[in-house]
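Okay, so chain A shows up in both of these, paired with chain B first and chain C after.
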Partner chain A sequence: MIWRALFGRLCISVVTLFVVSVLIFIGTNLLPGDVAQILLGQMATPDSLAALQAKLGMDQAAHVRYFMWLRDVATGDLGFSKAGLGAGNATPIVQIIEPRIFNTLQLTSMVAVIAIPVALFLGLLAAMHPGTRLDRTITFSTLNLISVPDFLVATFLVLVFAVYLGWLPSIAYLRGDETGWGLIRALAMPTLTLMIIVSAQIIRMTRATVLNVMSSPYVEMAILKGVPRRRIILRHALLNAIGPIVNVIALNLAWLVGGVVIVEQIFAYPGLAKLMIDAVLVRDLPLVQACAMIFCASYVVLIFIADMASILSNPRLRYPK
Partner chain B sequence: MSILLEVDDLKISARKDDDSLLPIVKGVSFKVARGEVVALIGESGSGKTTIALSALGYTKPGLEFDGGEVRLEGEDVITMRSDHLRSLRGQRVAYLAQSAAATFNPALTIGEQVTESSVLHGILSKEQAHERAKVLYQALELPDPERLGRRYPHQVSGGQLQRLMAAMALCGKPDLLVLDEPTTALDVTTQIEVLKSFKSVIKQEGSSAIYVTHDLSVVAQIADHIVVLYAGEVQEYGTAEQIVSHPTHDYTRRLMHAVRPPPAAGQGDKTSSEHKRQAPALEVRNITAGYGRKRDGTTMVTVLRSVNVSIERGQSIGVIGESGCGKSTLARVVAGLLPPTEGEVLLDGQELNPALAQRSRNELQKVQFVFQMADTALNPKQRIDRILGRPLEFYLGLKGKEKRQRVGELLEMVELPPEFAGRYPEELSGGQKQRVNLARALAASPEVLLCDEVISALDSIVGANVIDLLRRLRQQTGVSFVFISHDLSTVASFADEIVVLYAGRVVEKGSTDRVLSPPYHPYTRLLISSVPELRVGWLEEAMQTQEAQAGIDRLVTLTEIGCPFFDRCPLAIKDTCDQEAPPIRDLGEGHLISCHRPESEFLH
Partner chain C sequence: MSETQKSMNPSRQFDELPDAPPKRKIRLSWAGKIGIAVLVFWAIMVVIGPSIAPYHEAEFLEESLFIVPGSDEKYPDTDFQPPSRIVLLGSDYMGRDTLSRILFGARTTIGISFIATILAYLIGVTLGIAAAVGYRFEYRGFTIIELDTVLSRLNDALLSIPSIMLGLVMIAALGSTIPLLIFLTGIIYAASVFRIARSLGQEVMVSDFVEAARVRGEGLWWIITREILPNVAMPLATDFGLRFVWVILFISALSFLGLGVQPPMSDWGSMVKENLPGLIYGSVAPLIPSLAIATLTISVNMIVDDISAQTGGKLAKRMIS
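Right, the complex of A and B next:
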């Protein structure tokens, strides 16, 4: 039963990735103008355009190009970035993307490592003392933070920490040789911005699910058995609240990988999202496709992990009758 | 006998939104001696659970202690410090809740939950606690004590879970048990077994108990003293014998009156013929149905097998059996919620479309469903006039003044005042909500009403009133009723005919009189003899019968060959009953019994 569930989810994940790859391919082909035109610019004559298009393999039928691309992606070959190709020095996309992925993962994991425990703790704290001043403060401030757009939070932080206090640099541009303290200083502000946004959701979800479980008869039973409050929350309630909480965490992490465009833009952080925006601007379609596939894959993988976690935390699914 | 618990002028109030206090318990006093069982009895809203919980120094959220004392061995638990209170709970006083299914944490093993309290309080080590749990499993006659602790709550049956809760409560050897309606949600056959284990285990362990219930017959089996409560006040307080045999207070007498007499011949509506016609109003022919439809048209789990039932117009038919016997499945098939794999449903001689989605509006109108839980069946965001108005619009095309007038008539029919039209369901009591639920079904002017356990969740007095109402509605409107219940007494008081289902097969059917008088099918007899009687000492007698020896409480197993009742039947013939499908014996006047034994050998 559990293996079947696992296999089923796995199949769905693969199908999702496939469907998304088709959509991405169609979407990028719908963009007006192509890279050959951009490269040639004002020098474009019909002849030179056709020659460059042939060289780039753009004269093939769409479905042929799709399957060629799919085959390459499946073997780990993301192709060549089309920008710079005309000039003769083609860069493999893998080479462009690799440092960006590293940067994005560095930022994401830093946010995750700090934000998830803090958010879970605050959510549980609010759920343990519902209706108190502490709870109201937490709920009220998270509600506010969810409502404020991320660029405003980022700008505000820059204003305070970079402009007034002058403690931190206002941009987080990495040269690649930062280590230790320098790296932490550079990452501090984007991390803080993302943490605020991500943890607000996790806090609210944790509080709501745990509170919901806390009003169940089995928690009342635990109270009447004389079980201490801390154990009730950590053992009786949390175990039953894992499913929804893990899901909201997974969604937030996936959002971090792909959706941090604005934050990366504001802090000039060289992450994956910023790379994709730049690629769109120069119509570097293979690069756009590669980025999109990575974002989608990270969503699919994280949601898959979350699903597995909620299945494994439920004995009804682990041990069917 | 020394006094263990003394409740002295206890007052508990609810804090309302405007911060004023609403008294719920208004000065209640009683005592529990060591080794004694005291029953708190009353209908819902009488404050019985609230009072019982005070023995643990606990009030439900929104309630607070407002005066008086609850002394456990002389020490007041109301004013006790919270860490003392915590060490008292589960150790000196233990609680058993009504629904074990909801009270067990689905994510933890049974063993952990049973032993948790005594391990946490440091009474027993983990190993000792698990040993003690095994002893208790054995004493409570639970299967496979060695491995039971490692299983999860969803892996055992409801009756077993109820007994496991007793093990959970007893594990820490408490002085006082608080039992809150522990058998109300169970089948009669399960109830009798659970009651028996509770009683013997309480005796063995020498514990005292507070037993909360609304069922006088159950109390008569287990209590030494009875406290009768109404609206948070004690109405009568005395020994069980005295209250059951010589009640002095009016309210106690009303409670006794609402206890349905044990099912026997001579009740029921006889064959009511006011609305009789040529063709039966509803006919269920050869229905086989189940869940998990496979490609070849059969089902993974087949619940109903070759079921035949027919109802005359204006009559009521009772469908009875334990949980899992297919009662609700039958109703779902008739309503079109579950298309059968074989057989057909006829209404006024016309075949109904098997699937709900394909039924015409006219067909939908004629068959209406009344669900068990009015709480969940009525939309809490809609006012009563809207709930009743919707079917009037949809089926009858009524609008404006006509519709309003009809809503008024419907409310009058179910004996509710017309101003209820403007109220929301949450402003109504449980009985009133069930009446609205009925009115909603009647609004469509149906020909057949499917009532699935409609009074099972109601108190005895309220339930008895709803039955009276149903009887009147049947006479007035000529609607045919399919009345589904696990409670034989309820069915006996209302139905013209009874169909006894076991494991999805009809084992006996006929007029109420014939079914409830000998000769019985062995299963019918088991059901009848399991209904508690309102007298002290009934439980002990019942446990001596032939049926009890054969095994009263067993899981109903769905078998494909032979008679499914084989493993519980005192009359089973080896190599016959488990191999061959039993023949249907016609005892005349439509009384059918499906059994291998000839008529002369049936139990009397």
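Right, the complex of A and C next:
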């Protein structure tokens, strides 16, 4: 039975991914006029235009082009970047993207490894002492943190750590040959910024989840029969909150997608998000398409993991109505 | 029941029915009051800001303003000046008055965000309620399209794309103008408004009083305007505040990436971006617009938090303390 629920959820994810790919395709093909014309710019002669159109498959109908694109993406061929396409020495997008993905993964995994335990601890701490000064401090500061723009956190940290204290570099440019200490120094500022942004959300959601479990009848029973609060939280509430908390973590990792866009831009970090923004600025649509597809796919996968966690932890969700 | 209430209702027909519970009065805590004060301040600034600004948003400050008496420096720098009596909040990277640009930018940032949120609500609530009441397109008595099914599937797909990705793809395709920005943001956030409006509407639709109205023979329009809308208004109003915050953050993030409001118009997000290079000299120019955004978003969140703390979640608090 549980396999059926998981399989159903997997199907939904695949369908979602399909719809997302259609939306991205439509989005990047909305451009009035001809992409080939824009790519060639002043070099457009009728001959070169026709040649490029044929090369891009532009002479086909829209739905044919969509499936051609989908087939290429599925086989790992992301096409060519606009840069240099007209001149004949086009760069395959896969080549551009590969090192960038590695950099972004490096940053996000570092954030995840540090932020998640810290945030879970603080969230639990707040939930264990509700209404106390500690809880109010944590709740109030996380509320403020989630409502300020991500770049405020980043600029503030740069002012403090890079300008006044001079401990860390203000940009996180990677040459590619950093090792050990140098790499940690370069990654410190973006990691710290993302950590603060993500943990604020995890803390709030963990606290809410545990408090929610705490208001359930079996916890009331435990309170009434006189079990110490510490034991209630660790033995009764926490075990039941694990599923929802995994859900929270996966959701927040998915939200990292948004945060990473801002943070990579501020610190000039050579990751996938920075690549995508640069592509948007010069309207390199094939590259935008490829990056958007990667981000959306990882988002869908993380949401899928989040849903799986709640299905596995809550038997009632295993039998879809 | 008091005498005054009785005299106000001389023609009561259903004396045996219980009275409706008294309307809950919302008392704001000090945090909520501060929030209201800040919100009112910015609302006033949207109206009168540009007329009380000491300079125009695109006006360069005169070098003569910065000549220190007694020094022979005839042409001092005007850019990235620290706050002083001449420029209350310092000057920006091109030697323009930051205070004036903040005041002008208030109109742009808050105005665009507000219109976009209204648009999102118009679309989201209309479609959400239409889906909730089970609107369907019929042809000769056969249902061809059930609005709820179609919209919900489309909505799931829209919600499974990170909003910043959707924004980036659309802007890459269509460019960035203010009407487009408002439209784009409206559509993106209509998706989440739709979901809330639909579920709230469905809750009301299955209630006894709607059933009673139907039995009485009231039309669909009457039910929507007299029964559903008044009952979903309050939760939607709270949600409007939160959504407004997200929209401000979203538009500021786009402007920060250089893809939102374009220069020479001043907007808080783009002000952070253009002054970012000043950060390494310790200039506060990028910090001030981020703080302006933060005051606005934090105050809205504090009000919303205050209201929702009073209208719900009381039970959980009582049980665990």
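Everything below uses one rule, namely that the second predicted complex is superposed on the first by the 272 of 321 C-alpha atoms of A that agree within 3 Å, B and C clash if a C-alpha of one lies under 4 Å from a C-alpha of the other, contacts with A are read in each partner's own complex, and residues count from 1 in each chain.
Basically, a residue touches a chain if its C-beta (ideal position, glycine included) is under 8 Å from a C-beta of that chain, and two chains touch if they have at least 3 such contacts.
A quick note: this is a predicted structure, and the numbers were derived from the prediction, not measured.
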A:G182 contacts which: chain B (first), chain C (second), both, neither? neither
Which superposed partner A:P92 touches (first chain B, second chain C, both, neither): neither
Could you tell me if A:G258 is touching chain B, chain C, both of them or neither one (first, second, both, neither)? second
Applying the document's definition of touch, where does A:G8 land relative to chain B and chain C: first, second, both, or neither? neither
Taking the superposition on A as described, I'd like to know which of chain B and chain C A:A162 touches: first, second, both or neither. second
Quick check on the superposed pair: does A:G27 touch chain B, chain C, both, or neither? Answer first, second, both or neither. second
Report for A:I223: first if it touches chain B alone, second if chain C alone, otherwise both or neither. both
So, does A:L285 touch the first partner chain B, the second partner chain C, both, or neither? second
Among the partners chain B and chain C, which is in contact with a greater number of residues of chain A? C
Identify the residues of chain A that lie in both the chain B contact region and the chain C contact region. 215, 220, 223
Residue ranges of chain A in contact with chain B within the complex: 215-218, 220-228, 231, 235-236, 239-240, 313-316, 319, 321
Mind listing the chain A positions that touch chain C in their complex? 16, 19-20, 23-24, 27-31, 130-131, 140, 143-144, 146-152, 155-156, 158-159, 162-164, 170, 211-212, 214-215, 219-220, 223, 254-255, 257-258, 261-262, 265-266, 276-277, 279-281, 283, 285, 288-289, 292, 295-296, 299-300, 303
Touch list for chain C against partner chain A, complex: 31, 153, 156-158, 160-166, 168-174, 245, 249, 252-253, 256-259, 269, 272, 276, 279-282, 284, 286-287, 290-291, 293-294, 297-298, 300-302, 305, 315-317, 319-321
Sites on chain B touched by chain A in the complex: 53, 56, 58, 61, 85-91, 94-95, 97, 99, 102-108, 116-117, 120-121, 151-152, 154-155, 168
